[in-house]
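What follows are several structures.
Here come two complexes built around chain A, the first alongside chain B, the second alongside chain C.
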Partner chain A sequence: MTQDLLRLTDVTVEFGPPKSPVRVVEGVSFSVGKGESVGLVGESGSGKSVTSLAIMRLIGGRVAKGRIEFEGRNLLDLPAAALPAIRGRDIAMIFQEPMSSLNPLMTVGDQVAEALLLHGWHNRTARRKRTIEMLDLVGIPNAEGRLGAYPHQFSGGMRQRVMIAMAVACEPKLLIADEPTTALDVTIQAQVLDLMKKVRRELGMAILLISHDLGVIADVCERVVVMYAGRVVEEADIRTILTRPQHPYTRGLLRSVPRRSHEAERLYQIPGSVPPAGSIRQGCPFRDRCELAVPRCAEEMPPMFRFGPSQSAACWVTAAAEGATQAGAAA
Partner chain B sequence: MTPLIRAENLGKTFGASGGWFGGASDQVRAVDGVTFDVEAGETLALVGESGCGKSTLGRLLLRLIDPTDGTIRFDGQDVTRLSSAEMRLMRQRMQIIFQDPFGSLSPRRTIGQIIGEPLEIFGLTRGRQARRDRVAQLLQQVGLPPAYMDRLPRQFSGGQRQRVGIARAIAVNPAFIVADEPVSALDVSIQAQIINLMQDLQRDAGFSYLFIAHDLAVVRHIADRVAVMYLGRIVEVGPKRQIYDAPQHPYTQALLSAAPEPEVDTVSRRIILKGDVPSPSNIPPGCSFHTRCPIAQEVCRRDRPPLAQVAPGQLAACHFARPNPIPIADAA
Partner chain C sequence: MTASTDPVLPPLASQPSAFTTLRRVIFDRPATIFALAIVVLFILVAALAPLIAPYDPLAQSILDVNKPPSAAHPVGTDQFGRDVLSRLIYGSRNSLIFGFVSPVLAAIFGTTLGVVAGYFGGIVDRIISRIIDLLLAFPELLLAILIAAVLGGGFWNVVAVLTVAFTPGFARVARASTLAVKQEPYIEAAVAVGLRTPMIILRHVVPNIAAPIVVLTTLWIASAIRLEASLSFLGIGTQPPNPSWGNIIRDGLNNLFGSPWPIIGAGALITLVVLAFNLLGDAVRDALDPEASK
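Let's look at the complex of A and B:
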């Protein structure tokens, strides 16, 4: 068992006025081990991005409940002044659209170097050398010659490479990547996913990859956390999720993904649509779309049940069918 | 039998030629010498990455933009020569579904007004009540309650909006629909609903689709034939089964293998292309794919390979495509 690097316990995030809050994330618990790659998968409105932003304390909403521990320290207890030291050095983050995170008026070399300077690289020559090394690592051709280039001179895929170089320049222990390849073409996505795996291997950092695409997660991650309507509904190692999913939502999601490798007469479809954030106050949020739903599902949110050494899922029906037992508070 | 659509040598160049700032280099050759047919009732999928010209090609077919060269025949009639009045009548037979159907519509108009507009323009219903009845029927056809007709677009989810976009497109009983990335912005669980709906409607009404997409997984379930575009040209086209089981162009092969699937142990089969797609304003000479092609030779840098038959109904533009290919075993 790897040691926990990051552990979320019962995290609840609310938006709006405190008197009538909208709960966008509720009771989310999971962990990321040292050097481990974990995927957080869900559709729009699942709360996956809000969860990842909450870890970095970058949200406008409130973490109303729960603990977010990094190496045993609760990040929620830290004073705001302590955060910049953690961001970048311990935990780095990359986003879907690199152009909106890069400064258009600053050269690519200066932006990577700035990240280094902020975290103690005071020697100019060493900083420059490290910047070239990083751009080289992420596969920018002729890295030294491109130091003076501006972001607009790069393609979308190259910008994402620069973002990754900035993010990993200080060798963070955890890289949070929020839909890093969603805006990219498939052949470029393949390059960037490969790069993320290479960087992780070479720098030994952990990755929390947020994506709507189970294929992307299967490519990069060892373990998966499935979210639906603000809650974790299933968690398992990647092979188990792909071969023996237990939550009806995970099963439906996997079945509805169009495959290039085999063909169905008709695609499987999950009926209905995701309920609006915070609209389900009671019971299982998936029950209205679920083929297996029983009356209990409308009354009581199922806890996480343990289906195997690495797998747990929040479903009354499959838990009863499989004889799964209720998991501990730390699922 | 004449095909429903026949595009011949279709080309589109954007940008002025010989301008003040250096002439030819300002031009973008978005579509270049494209020839293909769409049969009545079939779905031709047009697949390629951003900048390959697939959306431009879709708009050319509807004459939403005019081609620089080439012809488009619709039911045997050359639509590139039609006057704007004749073209307006023709539009009743050709419709488009956009990725975001409300991107170009007023947020203040009700769903009923949006779907009813083409009925009004083409005089297909007489009077307000008849129009409302027809809109109600269309909403039902796309799986929405008729009572929604008085609501505004912002009250709808992405999947519901696309259903409205589809209802508007089929309102005039078209023979041909260009669907430009209709499910790309939707969640996976909603994508399947929309694809199934589009298939059901086609089975009932018999129209043809040009289904534009950026990856091959989505179109596998809806296409009869698939055309793959790269930098303005079709590099491979053929019956679906041939394209998926025995792709002949290295780009098709890479595109097929690039998108990761939620399967155990798929990574090893990936072909990862080098580099980026070149700019359409600076297309490489010879085979335009040679800068990224894993099997490129000297001849590829020099001569552009023609789109030639490699199997019945399957054409590929590659110097190394072999006729009568041995099918490549695909994923289990």
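Let's look at the complex of A and C:
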């Protein structure tokens, strides 16, 4: 992991007035290697979308602290005028709502071509050829004939394919996908996920996939970062997360995935809900919903403990039980 | 999904184009056909005034003072013996020019202000919005009289007056529409793809707020014609002896019992043309926003 494409260090995002800020994301650190696919998982309000928007600097709030380095450059130091050159070409993004993420008044072909034009494809015929190529790659049948079609003539799955074509047209090094399949039905979901894997394989880019659905993440990603209440609580490779989760929150998430073998049982749910952003000032944000909580959890926020070569989690209790050492000393 | 089976997409040909919708909306309703005919006739008459008008609109004739309609003067004559029909025909040119120039200029200025205010928000929005609120607090006619009183009459002054009077309405609509469009994910997607702000506004915001602006422009044309007539009637619009429907009525009022025909003729034309533009505006609205018609 020496070749980090993207590295977030201690990123804190605040909203609201500077005098009484609400911290939505606090001290988030993780990295994405070249060509690696990383999943960012957590329930609604855990700060995963805010984190991804902060990387693109599309955020309404402030990044109060930390560094977001892309190929060694801190994106937070760049002037606003330098951002359009990076967006789309180095880092691209696809969004949650395929139904409304395309301009209803522009043809599909023009929208894909617009992304190309912005990043150096000035020759009209070459651009057109590339547009057809991209639409073909994402599996739009009769791509050439569809160039002049408008978004309302496409179904949700088709629109998400067009979004992906737009995003990957300039072969970005990193594709951030914010819940790309949430608004789609299950069969289309599987197709879009397969498409993302295919595009990644063919274009060799890294993917940061944001989802609340561990199944989706497990399908696409090699490594997982689990977020809760604006903090990273666990990070590990996908196999380890699924077999030996160390943070009680991750365990809860895994237990609440419906399984066919447990059909008769009532589906597990983590009691309570995510605390409102900024309400946790001290201790572990998960302690009120945690089955393992001990008094120390209310007093001190646990640091990340290293549980294995590729796994770390922020929990006092499991760290003590497993004899994990505090991470961070090495980093 | 193979290329041959494509159950999700309807054939492209079955999608009605905007033009088809427009044609359907216009020709499905007799009132719209009537309005369109009046508007076309109005534009033709104004454009061809020198060819159509039977007399010089300024030529006076002592012998023909205050005549009722006759074969020689189909709408009679006024107190100076001028042919009312010719004056009405030439007067339509003023109405046409004012009717189009001011709303179009106001649409351009107002949309620019509104989009800037709506897109950037913050202090820019607050300043522009307060100025708009201030201007909107005055009725258009009052505002027009106020500005005309300061600037005086004359063609460009009246155009300026009407433009200033109409701009706030466009700015308000453009701002509200921009606020709605700005929230759309495709704007965020355009930012994420690396588009710079001016291009986002031109390519993604403006086309998506065009429909209400176009409708408003059509409706304001009727108001502009009415307001130009009002200003001319009050003596601060088109100056006599140049004919305008407003000052024809003004002249006629002093001579109401001598000859009522100038007032009747100009009044009827203003009513007819304003009505026609309003009906057309409604049709355009229905064509651009099919949900509003039901």
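What we mean here is this: the second predicted complex is superposed on the first by the 322 of 331 C-alpha atoms of A that agree within 3 Å, B and C clash if a C-alpha of one lies under 4 Å from a C-alpha of the other, contacts with A are read in each partner's own complex, and residues count from 1 in each chain.
Note that a contact is a pair of C-beta atoms (placed from the backbone, for glycine too) under 8 Å apart; a residue touches a chain by one contact, two chains touch by 3 or more.
Please read all numbers here as calculations on a predicted model, not as lab measurements.
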| request: Would you sort A:R239 into first (chain B), second (chain C), both or neither based on which partner it touches? | output: first
| task | Applying the touch criterion given at the start, work out whether A:T250 contacts chain B, chain C, both or neither, answering first, second, both or neither. | result | neither
| query | Touching A:S49 in the superposition: chain B (first), chain C (second), both, neither? | reply | neither
| request: Would you check which partner chain A:A190 touches, where first means chain B only, second means chain C only, and both and neither mean what they say? | output: first
| message | Output check: A:Q269 vs chain B and chain C. Expected answer is one of first, second, both, neither. What do you get? | response | first
| Thinking of the overlay built on chain A, is A:G157 touched by chain B (first), by chain C (second), by both, or by neither? | both
| Is A:S29 contacted by the first partner chain B, the second partner chain C, both or neither? | neither
| message | Quick check on the superposed pair: does A:S37 touch chain B, chain C, both, or neither? Answer first, second, both or neither. | response | neither
| Once the complexes are superposed, what residues of chain A are shared between the chain B interface and the chain C interface? | 155, 157-158, 191
| List of chain C residues in touch with chain A within their complex | 1-4, 6, 8-10, 12, 15, 184-186, 188-196, 203-204, 207-208
| said: Under the definition above, what is the set of chain A residues touching chain B in their complex? | reply: 43-44, 155, 157-158, 185-191, 193-194, 212-219, 238-239, 242-243, 252-254, 256-264, 266-271, 273-274
| query | Which of the residues in chain A come into contact with chain C in the complex? | reply | 56, 58, 83-89, 92-93, 95-97, 100-106, 114-115, 118-119, 139, 141-142, 145, 148-150, 153-155, 157-158, 163, 166-167, 191
| said: Under the definition above, what is the set of chain B residues touching chain A in their complex? | reply: 49-50, 157-160, 187-193, 195-196, 199, 214-218, 220-221, 244, 254-256, 258-264, 266-267, 270, 272-273, 276-277, 292, 330-332
